[in-house]
């Protein structure tokens, strides 16, 4: 069966296996079928050798977190993300992956009012302990949130879907930090309701393309700052996804907020560093996809007393967008490895620039915080969340 | 066991080796004898066995390769002298015997921590099989995983699998400085921990000796470091070693029970002990015994090689 | 809560719909017995799994895996082997599948024993300077684990981030730092194994070798043909107090090779000496951006370690010898980060070549160090003759060559030319007094060259060794020895009931 993978890209893998330890699912299963090398081999078997799509083959494709840790580990430069996205798109089109209920849930992400209403209901249910812990909702999920206000038109702050509904306080902190650097901020809100990253993961590339075209039209000219690593990675990929000059130009205007802030640090007011030991958790889509994770360190360094590195070379935490909800056991096994690394450095906070990772870690008791919240606390004296 | 068809056209052509193979022959009980300095290891040789000596001499020494090809009958002293002339040394202990004897017994030099064990230094081995043909295992270069590791099997084999005739051994540069220090009252295990990769740490129950090797400034610095901790003096040589060898996990040396002080010298960090009486017999894994028996049978079906000895 | 393994069980039942003529359903009785001996989730017989485990990192096709087992203890390995014995089926142990000689490729649908789930570090015994580990522990994971107490596991093959200790034992792995430290067999004190008979044995001990033959030494490097390692005692090596890494640039590969010989001849044994030619340096630099000089014809990466003064002395000597031999630049790594980046470049070099051509064939021969320059020149000529691109990156200090022949398997005839060139490279190495393999092993890759290095009597004796451990040639049959010298292997390969596997 033609999985519609670019043959050149599929052929690039030499099957050396150097990706294996960087794959979270292989790490916890030891199963070649749950490794990048194995998945690529099976893609070749299906696309080139006519092997049938058995449930074991589908399972192999389905269990990929799409963290793309294998890409940075790959000396051959295999574009694994593209291979898996093409595979999922083809399979989704044939109804082999992403069942109808998942598609319905994903469509809600682009409808802010529906999402807000649903989130408020979830928040209330959560307060009464009615939501299963494995869904990893934030403990203090707000029922109502104060709206973000436009302070100027120098930069956009991309607010997105779930994050805006559940964790708007992070956007607020990010906005205050950017404003403190002397820039007027326009939160994107309803201008750009969703980046489509989760849809892309689920093989619904058509939807993502639709979102991308709409967003490109509604956010002209200015830099777009993103405080969610997953969204930033997706928006930086619009150029490849749509293949148009406009899309490429748009992607070039997208910045991870730490990436953007690092060269602007001198514009921030001088402040005493917070007396906290902070471990940096690199979201995969910041480290492996955007590859701007070092900026997080640069941006945070002046504001905290100690930065700590984890010793797992950026192995995925198991969040993976919707992965932790769809594959809870795998996600928990993967997280267990991350928790061990965190325990070894024993920090006050774990700074994560991706809301999905933060929620996934927090639901096992890790004191997570967004880098922007730390900087905001240092320069604006806003209170830090309880550890 | 089935015999296998011949495919290789390679042949041993060295006349010395061919002559030795002919001497060993294909029948009759035979034992290769060196200097008989460790003739007590592995049981008494059977009586009425034809004894013969292996060929002697250094065949080819390549200091720039750090390898030497040497016949089994060469004395370790002769080999050492030739290596020393080029500023090198090897892993074999010199207890008055031959190279072949040292490999067959397989006992390490007391400076094993600096020189490495004998079993790691034998790159290639040649021996005459029970069928009277010369067999080569391993290769002449310093790194090699071509095929099964016959050299390892021959180290410590007491010649019961084949009559050892020639080796290629790894050599190493002699360190700039080698210095023995003796401490009257030190904890030998603490000395071992503190010194950086010492050549040897010996202990006889009271005194501790340490061999420092390397570049002069490093040895001086290590010397100072140790002297600061314990009162010690530089000495010419280590203590003489008692005859019988014992083996145990390195940490078990601290609880050497059966031997009184003065009747042993122990190698700290190695687990080797030389005692004035033989080591008590240890229980052997029956599967390992069976494997060894099968090896012996496969290599020497009629039991003609060095009967009476068991490695 | 259902465990994760339960879920995998549920997701991957044994009956497979992955049909086709290539991969038929295995005999149910064997799978049922294996499942009974382990648990259903530890036995996989679906076509996808078997297709994947029919390969390793080598180029060889034609492997056919039978049921795949994932034991988690030595007892479970015994149970698997016993079932296989009962069904007269061969076994093939497997680690991370990074072997380049085809050593883990299964023939004749044997029971594949994947040891990836036996990945516990059982005990770190600092007093005895030893760690007991299971075979599936990843080499670099062990070294990272030991870092906190100031030790490491010395063998460091380029694949150390992924390869397992069991695999290291099977191939007697080397690595750049084996120049000073020695290869795996110098760092493995004891191995617990399961024989083809299902019996368990402990080979070697953590004390010095004393009574008995060195069965441990015979087992290490036997490429899985003598039994399955289930527990390994590895030596802990103290981390050196000082390390210096030098990067020397040269205007010719010959000058780099001569420098290596000259360093050894001067009585210096550095921790590592690695050479990369210009083509590979460019590919590597493109991946790691470590500051490798891309305009040099060859670079020499040399590392010295030990106590501070000696390290300084040796670094200066190597620098001087390099300059005498025409080094155009000598650079000293200024930080640990720079050092790590240089090594990352060296250790990922093989994969990086895929930027140039999609496939590569990585050779592995050893020549005397003094012959390095001549053999390298010959290798470039051989590649030219066959119109192939060759790159050279190698453990120069050991004389261990790793010529990489680049190709595209989709281009008709290109792989044939690669094989032809490879044969000539092997011959050139042997002619220079070298051997077939320094660290990858023989596997199925070089079986047919064995009689170019050994006489028939030599091979016969190697087979006698094999036979003592595995009289029926049931463990990893069809490897290492040329077929003519391992008749029983052929029988084992034919032992599969006709028609079962197609």
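By letter and in written order, the chains are A, B and C; residue numbering begins at 1 in each of them.
One rule holds for everything that comes next: contacts are C-beta pairs under 8 Å (C-beta built on N, C-alpha and C of every residue); 3 or more make two chains touch, one makes a residue touch a chain.
Since the model is a prediction, treat every value here as computed from it, not as a measurement.
Taking CA centroids for every chain, report which one is farthest away from chain C.
A
Quick one: name the chains whose C-beta contact count is the highest of any pair.
B-C
Counting only Cα atoms for the centres, state how far chain A is from chain B in Å.
Result: the chain centres lie 60 Å from each other.
Just curious, how far off is chain C from chain B if you go by their C-alpha centres, in Å?
Taking the average C-alpha coordinate of chain B and of chain C, the gap between them is 28 Å.
Approximately how many whole Å separate the CA-defined centres of chain A and chain C?
Centre-to-centre distance between chain A and chain C: 36 Å.
Identify all positions of chain A at which a residue touches two or more other chains, and write them in rising order.
If we look for residues of chain A contacting two or more partner chains, we find none.
Under the touch definition given earlier, write down the residues of chain C that touch chain A in their complex.
Of all residues in chain C, those touching chain A are 1-4, 7-8, 11-12, 16-20, 46-49, 51-53, 55, 57, 70, 96-98, 114, 116-117, 119, 136, 138, 140-141, 144, 159, 161-162, 287, 348-355, 358-360, 410.
Given the complex with chain C, which residues does chain B contribute to the contact?
Within the complex, chain B touches chain C at residues 1-12, 62-66, 87-88, 106, 108, 112, 116-117, 119-120, 129, 131, 133-137, 139-150, 152-153, 155-157, 161, 172-174, 196-197, 214-215, 217-218, 221-222, 245-252, 269-272, 279, 282, 284-285, 287-288, 291-292, 294-295, 297-299, 311.
If we count contacts the way the header does, which residues on chain A are in touch with chain C in the complex?
My answer: residues 11-21, 28-33, 38, 41-42, 45, 50-52, 54-57, 59-60, 73-78, 311, 329-330, 332-333.
Using the touch definition from the top, list the residues of chain C that touch chain B in their complex.
Touching chain B: residues 125, 127-129, 171-172, 174, 178, 182-183, 185-186, 195, 199-203, 205-218, 220-222, 238, 240-241, 261, 264-265, 267-269, 306-310, 313, 366-370, 395, 398-400, 433-442, 446, 450-469, 471, 480-482, 484-488 of chain C.
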